[in-house]
Amino acid sequence: MGAIEVALDPARELAPPPIVTLRRTVSGALEEDLGRGDITSWATVPADARGGASVRAREACVLSGMPVVCEVFRQLDEGVEIELLAAEGSRLEPGAEVARLRGSSRSLLAGERVALNFLQRMSGVATLTRAHVDALPAGSRTRIADTRKTTPGLRALERYAVRCGGGHNHRDDLSSAVMIKDNHIAACGGLERAIERARTQAPHTSRIECEVDTPEQLTRALAAGADIILLDNFSNEAVAKAVVECAGRALLEASGGIDLARVAALAGAGVDVISVGALTHSARAVDLGLDWED
Amino acid sequence: MGAIEVALDPARELAPPPIVTLRRTVSGALEEDLGRGDITSWATVPADARGGASVRAREACVLSGMPVVCEVFRQLDEGVEIELLAAEGSRLEPGAEVARLRGSSRSLLAGERVALNFLQRMSGVATLTRAHVDALPAGSRTRIADTRKTTPGLRALERYAVRCGGGHNHRDDLSSAVMIKDNHIAACGGLERAIERARTQAPHTSRIECEVDTPEQLTRALAAGADIILLDNFSNEAVAKAVVECAGRALLEASGGIDLARVAALAGAGVDVISVGALTHSARAVDLGLDWED
Amino acid sequence: MGAIEVALDPARELAPPPIVTLRRTVSGALEEDLGRGDITSWATVPADARGGASVRAREACVLSGMPVVCEVFRQLDEGVEIELLAAEGSRLEPGAEVARLRGSSRSLLAGERVALNFLQRMSGVATLTRAHVDALPAGSRTRIADTRKTTPGLRALERYAVRCGGGHNHRDDLSSAVMIKDNHIAACGGLERAIERARTQAPHTSRIECEVDTPEQLTRALAAGADIILLDNFSNEAVAKAVVECAGRALLEASGGIDLARVAALAGAGVDVISVGALTHSARAVDLGLDWED
Amino acid sequence: MGAIEVALDPARELAPPPIVTLRRTVSGALEEDLGRGDITSWATVPADARGGASVRAREACVLSGMPVVCEVFRQLDEGVEIELLAAEGSRLEPGAEVARLRGSSRSLLAGERVALNFLQRMSGVATLTRAHVDALPAGSRTRIADTRKTTPGLRALERYAVRCGGGHNHRDDLSSAVMIKDNHIAACGGLERAIERARTQAPHTSRIECEVDTPEQLTRALAAGADIILLDNFSNEAVAKAVVECAGRALLEASGGIDLARVAALAGAGVDVISVGALTHSARAVDLGLDWED
Amino acid sequence: MGAIEVALDPARELAPPPIVTLRRTVSGALEEDLGRGDITSWATVPADARGGASVRAREACVLSGMPVVCEVFRQLDEGVEIELLAAEGSRLEPGAEVARLRGSSRSLLAGERVALNFLQRMSGVATLTRAHVDALPAGSRTRIADTRKTTPGLRALERYAVRCGGGHNHRDDLSSAVMIKDNHIAACGGLERAIERARTQAPHTSRIECEVDTPEQLTRALAAGADIILLDNFSNEAVAKAVVECAGRALLEASGGIDLARVAALAGAGVDVISVGALTHSARAVDLGLDWED
Amino acid sequence: MGAIEVALDPARELAPPPIVTLRRTVSGALEEDLGRGDITSWATVPADARGGASVRAREACVLSGMPVVCEVFRQLDEGVEIELLAAEGSRLEPGAEVARLRGSSRSLLAGERVALNFLQRMSGVATLTRAHVDALPAGSRTRIADTRKTTPGLRALERYAVRCGGGHNHRDDLSSAVMIKDNHIAACGGLERAIERARTQAPHTSRIECEVDTPEQLTRALAAGADIILLDNFSNEAVAKAVVECAGRALLEASGGIDLARVAALAGAGVDVISVGALTHSARAVDLGLDWED
C-alpha cells in the first residue's frame, strides 16, 4: 500500500481505514459485481490490450476513498499501476485529476464500477461532512460527529470518510461506549440509577453519555455525573441555556433535527459536539468518474 | 419467515430478496454494530425485562425492508415476536404503524439500530423510486430501472427496494448481460464489430445492449442489430428523435443526467427504459423509527 | 497472474475465470486437503529440498485449469515458479508437456493433489465440450452450451472450462435470465400469460426463454413472443420441423436426451443452441499428472 | 434434522456427513445459484401458490444425498415439508419414489436445481461405488476405498456418498495419515529411511503407508515395517504374488489402473483394499428428478 | 436460547456474550474438531441410541460458558435437551452438577470435547478472575480488569468469562479507547502533546488513558488532563503515593507485575483499577467434565 | 514467507503450520483487535514515522510462533521488515533477541499486541511441552503427545507449538483416528465388539485406539487386537505391569492425571506415549516482548 501512504498528507495525519477490514470488504464487493465475469469486456476487448484512465472530479467535492480504489485494482490485477495525485480529504474543483491508472484494459474495465461505487459514496460522505465543518464559526472548537446510522457493512469506511471531511467519530458500536436513552432510563428505574449503574459496570475507559429531552433532565444528568449529555431535539435557545447551566461540567452534544443551517448557531452557543446522522445515512454520491485515455 | 410472507401483498407479487444472502448480510451487520455487546443495556436493563415497540413512519414514504428487520431480530433472539401491519411496497402516511415488536427489552434495544439502518435506507430507495414511477404519465409503459451503482455489499437488498418502489431491475452484474460502452468499442475496433463479437460470444440468454453518444452511433447500432440501445446523455428532443428512428427495432434506454423533472417528457417521448443511478447511490434515508410502549 | 495471461492465446480471447472467486475457491480447497499439514512430507522431505516437475497430459485432451493450478501454488508458496507451455483450451496429445514447476519440494508435494483435482476435472469438462463442438458440421453456427447442472461451488470454474472447450455458457443462475418451464406455466395459468408476465417483470436485459414439450406449445410460444424456445426432448425430426416453423422469429435450443451422436443431426437441422447437462455433471476427469524431475 | 435421521436405516449404521460442514456447503451452493433471486418464479408463480413434488429415480441407482436435499429446502424455507421414503444407500429401481416434498411453489422451484445437483452427483458416486462393491466375490473381505481425488469443496459429502455405496474411506487429507510415495523416498534418501522417519514423526494414531512400484520395493517396505503397502499399477498376477509374500505382515492396497473388470480378480488374490480414484473423480451424475404433482 | 436466559441469575445482571459472534465461533470450532465426522461413534454407537450426561465440576471453580455449550449442541442437533442447574458466575463445589444433557448418543459424543474445551477454558478465566476479586478488601471499590492479552479469536467470550468472575472489562480493542504508551509519547514529541492530540482527535466518548513509568510522568500526565493514568510496574508504595498525589483528578490503574499477593495492598492504597493480563493469557483450564448416565 | 523458512533449522525438520489456515486465523485476529482502527497511534504517531523494535525473551522459554508474527505484519503492511534471529523450537535465555522489526511506527504499534498474543501463547505451549520432553530419561523412546484439548480455533497452531517443544501430535480431530472410550463400549455392547466394528468400518489408514480403565480391560483389548491402548488414570505401577503384559503387541499410551513429576517414571516403565492435555489447555503465556529502539 506504499503508493497510497505517499498520497496521504502527513500534515493532516488522517487516520486510515483498517486494512484487513478494507480488504475483506473489497473482496465481497468484487464478487458481488463480477458474478461469473465481465462478459462484455471478454467479448470485445483483447486480452493483451492496455489502457489508461484518469480519475477526475466532475463536481466540487472532498476526496475520500482512493485507498479502497487501489485495493480494488490490486485484488483484480497486481499489474495495474496507480499514481495518486490528490490527498485524501483534499477539496477538489470540478475537473480535478485525482489519480492516473494504467494497465490491462480488461482489468480497468472490470474494476471501474466497484471502484467508483466506493469512491463516490465515500467522497459524498466526506463532502457532506466538510460542508458541516465549514459551517462552524472560525476558530470554533465544536466538533461535527457521525453516528451509528451508517450503511450496514461499511461502518469502518464511512467513519474514515467522515474523518476525511474534517469530522469526528462518535462511538464505534454498542460495546465501545455507554449511551443511555429514555428506554434504558425507564427500564432501569430512573436517570440517576441508570448513570450510576453504567458507571459501575461499563469499562472504565468509556465515558458515560446520557440523552436528555428536557432541561429538567439535563439538570439531573449533570448532578448524577454524566460525562457527556446528549441534548435531543433541543432548540438553539435551549442548547444555549444548557451550555450555560452545564458550565463545563460535562461535554454537551446536540443531536436530532440538525441541519446545516443550525450548525453555526449551535456552535456559537458553545456546544461541544454536533452529531449528524445524515452524514452517513443521507449523503448523496458525488460525481467522480474515469476519463479514458485515447 | 412465515409471518413475513403473510405481510407481502400477493396481488403485487413482489419479488422478495434471496433469503440466504439476506441472512449473511444481516449477520455481518449485527457483528459490526454489536462489537463485544451492548454495554449500555447490560448495565441498565434487567435481563428479564420485556417491552414492546411500534415501527412507525415519521414522514410519507414507501415501505421496504421489513423482511430484513425480521431477520435481524430472529438472529438476535428467536423470542422476539413481530406483527407486520403494512405490506412491503405500500405507501405510508406520516405516523403510519408498520409493525409491532414484543420481546426481551435487551434484544429489542440491541437490534434497533441495525434494523432501522436497513429499513430507513431501503425505504429511502423505494421512496425515491416510487417518486420516479409516479412521475410517469398515466398508462405509460416506460420502466424506471436501477443501475449497478449500488452500495457495495447491498446489491440484492437495494434491487429489492427498487422493486418495492415500483421500479425494475437492470442487469445484476457484469456477467448477467452485455453492455457495450465507448471503451469497448474503441478496444474492439468499432461499434459494429463489438456488437457482432458480443452476439457471438455472450450467453444466448443475454440481450446485447450498446451505449451510444450520438444520433449517428444510434443509426449504426440499430443497423448492427443491438437488442437495446442506451442513449447516453441525450436531450429530451434527441430521445424523441431516437424513438422515431428506432421504430421498435430495439429497446431504447435513456440514461445519464436524468432527474425527476425529465421523467414525464422522456416517457412521453416513448423511451422504453429510464435508468437512474440516483435511485441507489443518492437516496436519502427516510425517517422510520421505533416508538416504545410505555 | 502475469505469467498466466501470457499463456492465454490472445487470438482465442478466452474469457478467464473471475480471479476473486477463483482465489476463494482455491483457499477452501487447500484448507480441505491440507488439514493440519502434510505430515508425510514433513517427515521425509528436508525443508530446504527443492525440486521440479512437469505437468503432462497422459491422454489426449483439451487443457483447462492452469490459472487455478498457478493460484494453488501461489497461495502455498510464492517461491514456486511456473512456466506455462500450453495455452488454455489447446488440444493436447498424450505426453504433451503443459507446464514446468520448480520450487520447494514440500510445497510442490503439498499442492500437487489439489492442483490436479482442479486440472483434471476442468480439463475433463473442456474435453467433453470439445467433443461436442467437434461433432458440429463444418461451418455450423449452432452453439454447444452448458446448463445450471454444475458442481456446487465450482460454477464459475466449470463455465470457464466449457469455454475452454469451445462451448458457450447458458444463463449463470436463476437471476440472470428467465426460463419458463411447465411448472411456471401451470402456476401462472397458461403459457401466454407466463411469457407476458415475465416480459413485464424481468430485467429488460434478459431474454425470455420458454421450454416447450410439444409442437403445439412451440406455436403458442412463438406467437406469444418468446425470445428463445427450448425444445425439450424433441426428436431430431421434430427439431427440424420446429426450425422451419420458427423461421428465425426466436432462437431455438434443443435440450434433454442429447448425446454426442445427435449433435450433427440437430445442428444440421439448424437449431441455434444445443444445451448439454452432461458437459458439467458427467464429465470424467482426464488424466493429467505430474512427472517429477530426477 | 429429525426427519432425516428417521430415514437412515439403523441397521446399516451409515455414518452421516458432518452437519456443520454440510450446512456451510449448502449455503454457498444456494448463493451461487440464486444470485439476486429466481426471477422466473417471481414473475410467474403467485407468492401464495403451494405445490408438491416427488423425487424419483429415473434409472437404477444407489441413493445418496437426501440429507443435503433436506438442508437445501430448510435454508430456503422452513415451511417446506419433506417425507423421506427411501433410505440412504438403498438400491433404487427406475421410477422409485425417494421423497415427497410439499410447500411454497416458489421455494420448491428455487431449490430444485441445487438439490438435484447434489443428489445426482452424490448418488452417482454411491452408484459407481456400489458397482465396484458388487463386483467383489461373495464373502470377500476386500474393501473398495476412495482416494483424495475428490471434487474441491465437496470432500466430506463425497466420502459420505462412497459409504452410501458400501465403500470405505481412505485417509481424509494430508494430515490424517502417512502415505510415502516415490518423491518422498527420493527426497528422504531411501525407502527404509522414509518409513523410519515417518514412524518417528507422525502421530502414533496414524498407520504408515508406503507406495511401491516393484516387487523388490515391496520386499523392502515389508522389511522396513510399513503398516500398509500400496501396490501401484501392479498386474493381477503381481498383486497375487505380493499377497503371498506379504503373508499378513501388512495391509496391501491395490491402486492405479483399476477398473471394474479387475475387481474380482484382485479381491480373489486377497488384496485388502482396492482404492479407486474414479469413484469420486469420474462418476457421472445419475438421473434422479422431481415429478411435480398436478 | 430461552433455556439459557432462564439460567442466568437476574440479580447479577450478568452481561451475556453477543450471540452472533458466539454462533460463528462455535461453528468454526465444530468444523475444526469434527473434520469429516466422528468415525469412532459412527462405528460403535447405533444411530438411534440415546443417552444422558451430567456436566459436573471436578474441582472448586466459578462457572462460565454454558451458553456456549448450549450453542455447540444446538448446532449439532436441535434434539439435544439441556437443563441448566447452575447460574453463570456461580461458585461450584467439587462434584456440583451444572447441567443435564439428554439426546442422541452420537450427538452428545460428537460435541463433548468442543463443549468442554470452551467450558473449561472460560471457567478457568472466571475462576482466576474471581480469585483476584476475592482478594480485594471487603467493601473495596477497586476493579479487577482484563486487558487485550486475550486468546486470538476468543476475545468476546473471554471478556464475558471475566465478567462471570466478577471482573470488569478494559477497552475492547484498539479503536474503542485511547491508551498512550511510551512509544506514542516518543513519536509524538512529548507526553503533554500526545494527550492533547488524543483529546483533539479521539471520539469524545473515549477517555484518554496515559501510561506512566515514573512519578514525574504521573505529575505531568495529571497536569495535562489525562482521564486515566496507568501506573506501569509501580511498587505498592509508589502506587500509594500516586493515589495521594492524584487526589481524584484522574482514575488510576495499576498494571504490570501484578500477582494475587499484591491485590489487597494495591486496593488498600486506593487505586481504581488493577488490570491483570494473566486473567486471560495464563488461566489454566478448570476441570469440568461429563458424567455419563448408565 | 521466504524469510521465515530460512529461520527454521533444517536439522530439526520442524513441521510448519499450514499456511492457508495460518493466514485465515491471523486475519480474524487482526479484525478482532483493530476494530475500526488504532485511534491512539493515529492521534499521536505521524504517518511517516518509522521505527524499529526487537522481539526479546524476558524469561527462559522455547520459541514458537514467529511465522505467525511475520504473517501479522505482512497482512498489516508489506513494508515491515523482519529479521529472524532464532530458530523456532530453540531454547531462549532471558534477554535473548528473537527478531528485529523495522518499518512504519503505526504498523508496528498496530500489530504488536496481536503478534505477541500469538507468540506468548504458542511459546508457552512449546515451553511446557519441552519441560515434559526434558523430563524423559536420556535415550527414552517415549513420546510426549498433545490431545484434542486445544483452544477452539487454534488447533493447527497449538499442535505446531507442541512440535516446537519436541512433542508429538495425537490425532488431529474426530475423523482422523479411532478412539474408543467407555461410552462407545457401552453403546456398542462390549469392548471386543467395539474394536471389531471400528476395525471393520474405519479407514484402513487409521489405527484403532481403545481406552481402558482396568488391567482386566487391558487384557481384553490386547486380545481383541487394538493397535493402541490408552491406560486411563493408571498408577505408575499399573502402567509398568501393563507394559509387561502388552509385550509389544500394541502401543501403550498413558493419560489422565499426568504431571511433570510422573513423566520419568512412566517413561522408565516403557510406555510408548504420554499424552498431556495440559500442554494446550493450561500452558501459561511466556513473557516475550517488544523492546523499541530509541
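Labels for the chains are A, B, C, D, E and F, by order of writing; each one numbers its residues from 1.
The working rule: a contact is a pair of C-beta atoms (placed from the backbone, for glycine too) under 8 Å apart; a residue touches a chain by one contact, two chains touch by 3 or more.
Not measured: the values here are computed from a predicted model.
Asks: Mind listing the chains that sit against subunit C and also against subunit D?
Replies: Intersection of subunit C and subunit D contact lists gives B, F.
Asks: Going by the touch criterion stated earlier, list every chain that contacts subunit B and also contacts subunit D.
Replies: For subunit B paired with subunit D, the chains in contact with each are C, E, in label order.
Asks: Over half shared numbers or under half: where do the identical copies subunit E and subunit F land at their interface, same or different?
Replies: Same, since over half the interface numbering is common to both chains.
Asks: As a quick test, compute the distance in whole Å between the mean CA positions of subunit D and subunit F.
Replies: Distance between chain centres: 32 Å.
Asks: Between subunit A and subunit C, what distance separates the C-alpha centroids? Give it in angstrom.
Replies: The separation of the two C-alpha centroids amounts to 43 Å.
Asks: Which positions in subunit B touch two or more other chains at once?
Replies: 13, 15, 18, 34-37, 39, 42-43, 46, 155, 169, 172-173, 175-177, 179, 201, 203, 206
Asks: Treating touching as the only link between chains, describe the layout with one word: line, ring, star, complete or other.
Replies: other
Asks: Write out all the pairs of touching chains, ordered by chain label.
Replies: By the stated definition, chains touch in these pairs: A-B, A-C, A-E, A-F, B-C, B-D, B-E, C-D, C-F, D-E, D-F, E-F.
Asks: For subunit C, which residues are in contact with subunit B within the complex?
Replies: Those in contact with subunit B are residues 13, 15, 18, 143, 145, 168-172, 175-177, 179, 201, 203-207, 209, 228, 251, 253, 272-273.
Asks: Write out the stretch or stretches of subunit A touching subunit F in their complex.
Replies: 1-2, 5, 8, 10, 13-21, 24, 155-156, 159-160, 169, 172-173, 176
Asks: Which residues, counting only subunit F, touch subunit A once they are in their complex?
Replies: 27, 30-31, 34-37, 39, 42-43, 46-48, 75-79, 104
Asks: Could you list, by residue number, the parts of subunit C that touch subunit D in their complex?
Replies: Residue positions touching the partner: 25, 28-29, 32-46, 49, 51, 105, 109-110, 113-114, 116-118, 120-121, 124, 148-155, 172-188, 194, 197-198, 200-203, 206, 277-278, 281-282, 284-285, 292, 294.
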